[in-house]
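Next up, some structures in structure tokens.
Both complexes shown next keep subunit A, but they swap its partner, so subunit B is in the first and subunit C is in the second.
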Partner chain A sequence: MTMTEVGGPDNPFILVNEPEGPPSEKLTPWEWIRKNLFSSWVNTLITLIFGPIALYLIYRFARFVFVTGRWDPVDSNLELFMIGTYPREERWRVVSQLIVMSAGIGGALGTMNASAKARRKLTGEEFVPTSWRTYASSYWSVVLFVLVLLVGFTDTTGPWLMVGAMVVLGVAGWAATTWLPDALRPLSWSASALLIVVSFQLLSGTGGWAWFYTVLALVPLISGVVGRLSPSIARMAAPATVGLGLAIAIAALVTSSVVVGLVGILVGIYGLVLVRQGDRLDATRVGLIMIASGVVTVLYRAIGLSGIDWSEWSGLHLTMTVAVASTLLAFPIGVLLALGRRSSLPAIRVMSVAYIEFFRGAPLITFLLAGAFFLGFFLNTESPLSLITRAIAAITLFSAAYIAEIVRGGLQAVPKGQVEAGLASGLSQPQITRFIVLPQALRAVIPAMVGQFISLFKDTSLLGIIALSEFLDVRLLVHAQEDFRGFGIAETMTFVAFGFWAFAFAMSRESQRLERRLGVGQR
Partner chain B sequence: MLYGVPLMAETQAVQATRPPPWRDVRVLGIVGQIVAVVSVVLVLRWLIGNLFTNLDEAGIDRGFDVLNQPTNFAIRDANFDSRSPLWPDMVVIGVKNTLLSAAVGIVIAVILGVLIGIGRLSENWLVARLSQIYVEILRNIPPLVIIAFFSFAVFTFGPFPPFNPSSPPWQINLPGTDTTALILSNDRWGIPSIARDGDLLPFWIALAVAAVVAIGLWTWRTRVNINTGAPHRRGLWAWGGFLLIAVVAFVLLDTPYRWSWPMVSESGRRIEGGFATNAGYLSVTIALGLYTASHIAEIIRGSILAVPKGQTEAANALALTGLQRYRFVVLPQAMRIAIPPTINQFLNLTKNTSLATVVAYPEITSLVKTAIGNGKPAVQLLVMLMAIYLTFSLIISVVMNQVNRRFQLVGR
Partner chain C sequence: MTMVDADATNIGTRETMIELVDVDKFFGDFQALKKINMMVGKQEVVVVIGPSGSGKSTLIRCINRLEKHNAGRIVVDGTELSDDIRNITEIRRETGMVFQSFNLFPHLTVLDNITLAPRQVARRSKSEAEETAMSLLERVKIPEQARKFPGQLSGGQQQRVAIARALAMTPKVMLFDEPTSALDPEMIKEVLDTMKDLAEDGMTMIVVTHEMGFAREVADRVVFMADGEIVEVGSPEHFFTNPQEERTKLFLSQIL
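Up next is the complex of A and B:
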């Protein structure tokens, strides 16, 4: 395996093959012990002190898990931990959401893999597929968590069937997209993304996901306008488009109804019309998704499949939803803020800095409380906003500031020569930003972004403070039950900690892997 | 300018043929800024106008005078009853408690973090593994979960006995004496503290003399070093002299400071003497200390690894011993990398003390939340709360800039 230089121009994911260390020397177990535990007298002393401590800790932990721990509170409330107070007769929607989504994610991964392969073929480089071992070293904690749930805490076959279906469909999606002919690949991107969008719609029915549409709508608009029009107009059009996007966001927030679906269709068509050349493909995909999801919304409306109001969502499901939704929403805002902070126009720079420093200066809990107590006062809404909407708004505004700082780091890392080369090629400022600076900056900050996503995921545990029953606070419901009052607290807390840890750990491993793979800090 | 690169239109050569205003980059820039500022101002005006209208409609006072009214709730373990005003009494207690928790948490985090960070690089496989496991576990669990774990699983429903007349707490004596060293219960702990005893003035004068002597020793050793080239060892001399005089004065003046040992009161309800802490404080401080230690450990490890290998090799070539290599070559360089992110972690820890709301430790955020629950106006209180945290951030960033400047002087 060889270290290769930066590969494809636009795929941020497959760039450098994993670097390989020198061949490791083979040691017999005895030599290994001598080298690593007893190489000097200090080393021996340390081993003799810490060895018994480690053994004792392992013993106590194993005893707690397998012997003394009384896991009935978790055992009889597993569903509560997963979906909280979500209406039980609508459970099928969550199940089908997960299954459809895993097909979509499988498809997306397969497509990514296939396009990397195609690009390597084009450049004549050797394609090294990511091995199962690499995936396993990143994701074993999640697999362990799911296995613990299935083996330890379920008595029925339902969950087994669900996980089985998720695995089968995920692999099917991966296989189908991997072996699809090259010509059809754009379609497989769209299809995978569509599956993911529709899976959320299964849950929301017609309402609730107004935010999600809006973000998708912003993508073709921004990528369409910035860099397409002549520089002078683009300079004014770009902020105007952003303003329009934000206006749609507010409108969508206030009216979560079929109107949102129609807005989605219209914006999708607009994005298609707007983008006439260049990376038409991206915009086509997003436009197609928008139109399709709008159609699905209207269809649901027609057959009377109403949404589950998301004030009824709770448990791990709520935790995940809030984390994903806030990240998706915060990302574009954060990128804009970072560009604003690096802008040459002083007024825009000052406003961006003020926003970023304000939101980074105070802890998230103050913004959550503000959201819960008086966000509604700022907007003239007909009906009060749901608590979850307020929470997502607070977390989004908060993490946008952090994302902005991360992206700024990436922007600063782009060499000046890149911008100069762009100017020399006669590109306009927005074009340079869109095609030269941003792709390099964003690629460099992917690991840090994953890190930010981890801390956002961990921050969702604060939702309990404003009386939302997320994964951590389900324990309050559990211990309010007659049987479990003041009993098994250490066990439920350990279970919750394990749940958070499993996902956060997998993401941090993934971020380390991306760091190595993208060769950050090696160029 | 675009990312620091001057644009064509901005250079002298092009000025002769300036484009018409509607295509002039500079004119457009100014117009764009005016549009942006005006639209932001308009949106803010709309939002704040809405806020005021809605507050007035709901009959909520929007002045800051309401903060001077009594809070109508009491705070345990503090000189504060329901008649005390929110501003400044409650705020002072809250900020004090925030800082108390943050300061002790930072000490725990630094000590543990540095040990574990170095432990991860240990040649001993076992130590390296244990440190890695610690970091990978603690770093990936939300701090709130750790706080709640300590508060509920370790204290409230943990192994410790309740504290009331019918069930005395655990009291651990100093070995071989009747003095209680530790009082442990499920909601309060008593630990020894240091209390003043008698007149302090002579002792402080003695300390001042010791400081002068220490400075004198320092200067003398420095001069010896410059003149003769002998090793200065001025730290050893100065600190040794200072400590010697301080200890002698301490003994001669009949110990002006004494240990104050905690004791269960006659009624069996309170802790007398020592330093009494409650479970909320302990959970927040210990949990945040442990959590932040995992981050600091990563910073330390990263900084040591970031020192180029050639530096170590050069130190080896100069025949420095292992300890000298660390003390004079690796650590000074690693410190410069490690200090800014570590200070940032201190700020994070301070902000994270706001999570104490879930365990009823009366720091500023939980007091503000209680006050809002008692019908105080949320808008003013939260604005005040954000202002307090912004002040902390501002102070930390000033400190950070100073530190950065100081450390950059050393460098290239």
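Up next is the complex of A and C:
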């Protein structure tokens, strides 16, 4: 039985090898039928009644899909389903986003694999790499969906080339990071994260907060490099880098943004405190991150790639963006709320409970409508946020309340002895939460959490209500066309349902796999 | 034949390490500790025995404030335990504790279990903390398990890791709360041997246990508790061969 760890840039998931199931019996088809369908007279009766019904339904469905279904509305509007009303002359951005992102995701998976392998080597266990069959059993529904799109609804070579490039670059990223020496692990992390960040900047441009995400992606690299500095160099580097960082923050305060400048100065002061405490490595890290912020900002100004406004995004592309953004945002907020609910400070506890009960008390649709339409009335001002931003905010705030309750369950499941062991060794309550309780609690609630994320993903179909053309709502555009008015409605609906199912099913399978690998329930 | 020292505060010529004066502890209406007076000298090994529910565990859990005592004074190495979090932290840093159920952190490797507090509380560097951890693992004789997770170790090995983890903060006192009660019989010896080594190295220890062999061999004094009170105190020879109190005789006759 193996225990696992969550945390640290070098080892986000230490995973156990896939447990093998019991050897499956080999049955001939005839034996299988006897054993499963006609083992007793009750079973025989059930088989005789429901067998024909099931076969008939399958027959009708297959007939609909392959014979009677009129798929022209999907066939001639595939691009509309994928990217909606996104300006056609800017299509290259979406295409390059997908390709660059594939490389980044491939790289991240490979790095994860490599760090699991390195960790295994230390514990002296055999490392069994995740096999293609395992990936296939998790992701076959997505692959099927992509194949249906390509084979069924594509006449040109463009999409084939794009998917081909995605696969090739994804595998290349995976292979490169898998075989890179262990010493370069921080580089793999940063490179993979950078590719994913840049892929979004291909759409959103290099303005605004783009520099921030880029610097975030560079943190593992900076941290890793600093960790290797010799003490004598670190002694000089710490005050120098923090000083330069402070200068950059002051420059930012004067030249561009007051807020960014002030936050930068606060971070710089924290760096100075670290220098005084003699924590030279962390001080150097802080300094270098500040310098990187300055460099990236200047660089991005120089590149000056302008983005496409949020409001142009739609279709499956919008659905995925909103789902991923809301998931990433709702998770930390939910965790904080769960901790707040257990806080010993009454004010924080009451506020957390009030938040959770408020957002769990009304349907998501009310928050979407409020975000879209009422907020302007309440605040008596034109909202500066785009409609999509407000939609993401509504879904995030709503889901965070549910995630908070899920995490709370996990927190309660951590035995009291764990906290006592932490207290007895002198750790403070926040340290116990961060290093002992949370890692164990989060691991225990993965299945419930993924269930919430699947539900969030499907809830994005409500965006149509506030006039955002997500994947489902694109149907209205299709059926508004002269050719397809009131025609092929069942077909477009089936197509959209298939799309949602393909991704939700893959998430569910992946969570089952993660659950097994993290050894949940085999403590 | 040693003198009977029925007074639990008699530490002879040793310097005081731990002092409990009139300590009361209530759980609701139930009084778990009744006016406990006790002293532990430097480098002394005190074994606390008694029937279950007698307040043994509560006694040592009060010393590092896992339980809050309701009345009386507890002084550890000159620091009095108060509601001030700094005092509590100070005392917890000076006392290591080993639990019946090990309470190792299952999501961290053995090495990370041991280095967590030195790195986060004492702010030692990673390499320094790991060096200390490895030497502690040598001391408890399982250096080869450093990179494994607790779930991969036997109970005896886990408890020895827990001892190493408690030692990592270089405590002045070690508290043992029934360290062998959750172990299979064949693993008890390895843990007791580790504790014996520790005692020989001059560690101040309070041990709650049912291992009478350990008490006889290692203890400087044996304290017998029943119903939240200290009933009898004495050197091991006196205690096991010539108990004075009826309650003690009854208990010994039941377990020996």
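Just so we're on the same page, the second predicted complex is superposed on the first by the 394 of 523 C-alpha atoms of A that agree within 3 Å, B and C clash if a C-alpha of one lies under 4 Å from a C-alpha of the other, contacts with A are read in each partner's own complex, and residues count from 1 in each chain.
Methods note: a contact is a pair of C-beta atoms (placed from the backbone, for glycine too) under 8 Å apart; a residue touches a chain by one contact, two chains touch by 3 or more.
If you're wondering where the values come from, they're calculated on a predicted model, not measured in any experiment.
Visitor: Considering only the touch criterion stated at the top, classify A:Ala370 as touching first (subunit B), second (subunit C), both, or neither.
Guide: Once the two structures are laid over each other on A, A:Ala370 reaches subunit B alone.
Visitor: Name the contact category of A:Ile46: first (subunit B only), second (subunit C only), both, or neither.
Guide: It touches subunit B, and subunit C stays clear.
Visitor: Would you sort A:Ile454 into first (subunit B), second (subunit C), both or neither based on which partner it touches?
Guide: Once the two structures are laid over each other on A, A:Ile454 reaches subunit B alone.
Visitor: Could you tell me if A:Pro346 is touching subunit B, subunit C, both of them or neither one (first, second, both, neither)?
Guide: first
Visitor: So in the superposed three-chain picture, is A:Gly124 touching just subunit B, just subunit C, both, or none of them (first/second/both/neither)?
Guide: Touch status of A:Gly124: second partner only.
Visitor: With both complexes overlaid on chain A, does A:Ser425 touch subunit B (first), subunit C (second), both or neither?
Guide: second
Visitor: Which chain makes contact with more of the residues of subunit A, subunit B or else subunit C?
Guide: Between subunit B and subunit C, B touches the greater number of residues in subunit A.
Visitor: Scan A:Ala497 for contacts with subunit B and subunit C and give back first, second, both or neither.
Guide: A:Ala497 contacts subunit B only, not subunit C.
Visitor: Regarding the shared-chain residue A:Arg443, is it in contact with subunit B (first), subunit C (second), both, or neither?
Guide: Only subunit C; A:Arg443 stays clear of subunit B.
Visitor: By the touch definition above, which subunit A residues appear in both interfaces, subunit B in one complex and subunit C in the other?
Guide: 420, 423
Visitor: Quick one: which bits of subunit C touch subunit A in the complex? Just the residue numbers, please.
Guide: Those residues of subunit C that touch subunit A are 64-66, 89, 92-93, 95-97, 99, 101, 103-109, 112, 116-117, 120-121, 123, 147-152, 162, 165-166, 168-169.
Visitor: Enumerate the contact residues on subunit B facing subunit A in the complex.
Guide: Touching subunit A: residues 1-5, 7-8, 22-23, 25, 28-29, 31-37, 39-40, 47-48, 50-51, 54-55, 122-127, 130, 136-137, 139-146, 148-149, 152-154, 156-158, 351-352, 354-355, 357-358, 365, 368-369, 372, 378-379, 382, 385-386, 389-390, 392-394 of subunit B.
Visitor: Report the residues of subunit A in contact with subunit B in the complex, numbered from low to high.
Guide: Within the complex, subunit A touches subunit B at residues 36-37, 39, 43, 46-47, 50-51, 54, 231-232, 235-236, 239, 243, 342, 344-348, 351, 357-358, 360-363, 365-366, 369-370, 373-374, 376-380, 411, 414, 416, 419-420, 423, 429, 432, 437, 454, 458-462, 464-465, 472, 486, 489-490, 493-494, 496-497, 500-501, 504-505, 508.
Visitor: Under the stated contact criterion, what part of subunit A meets subunit C in this complex?
Guide: Counting only subunit A, the residues touching subunit C are 1-6, 122-124, 279, 415, 417-418, 420-421, 423-428, 431, 435-436, 439-440, 443, 523.
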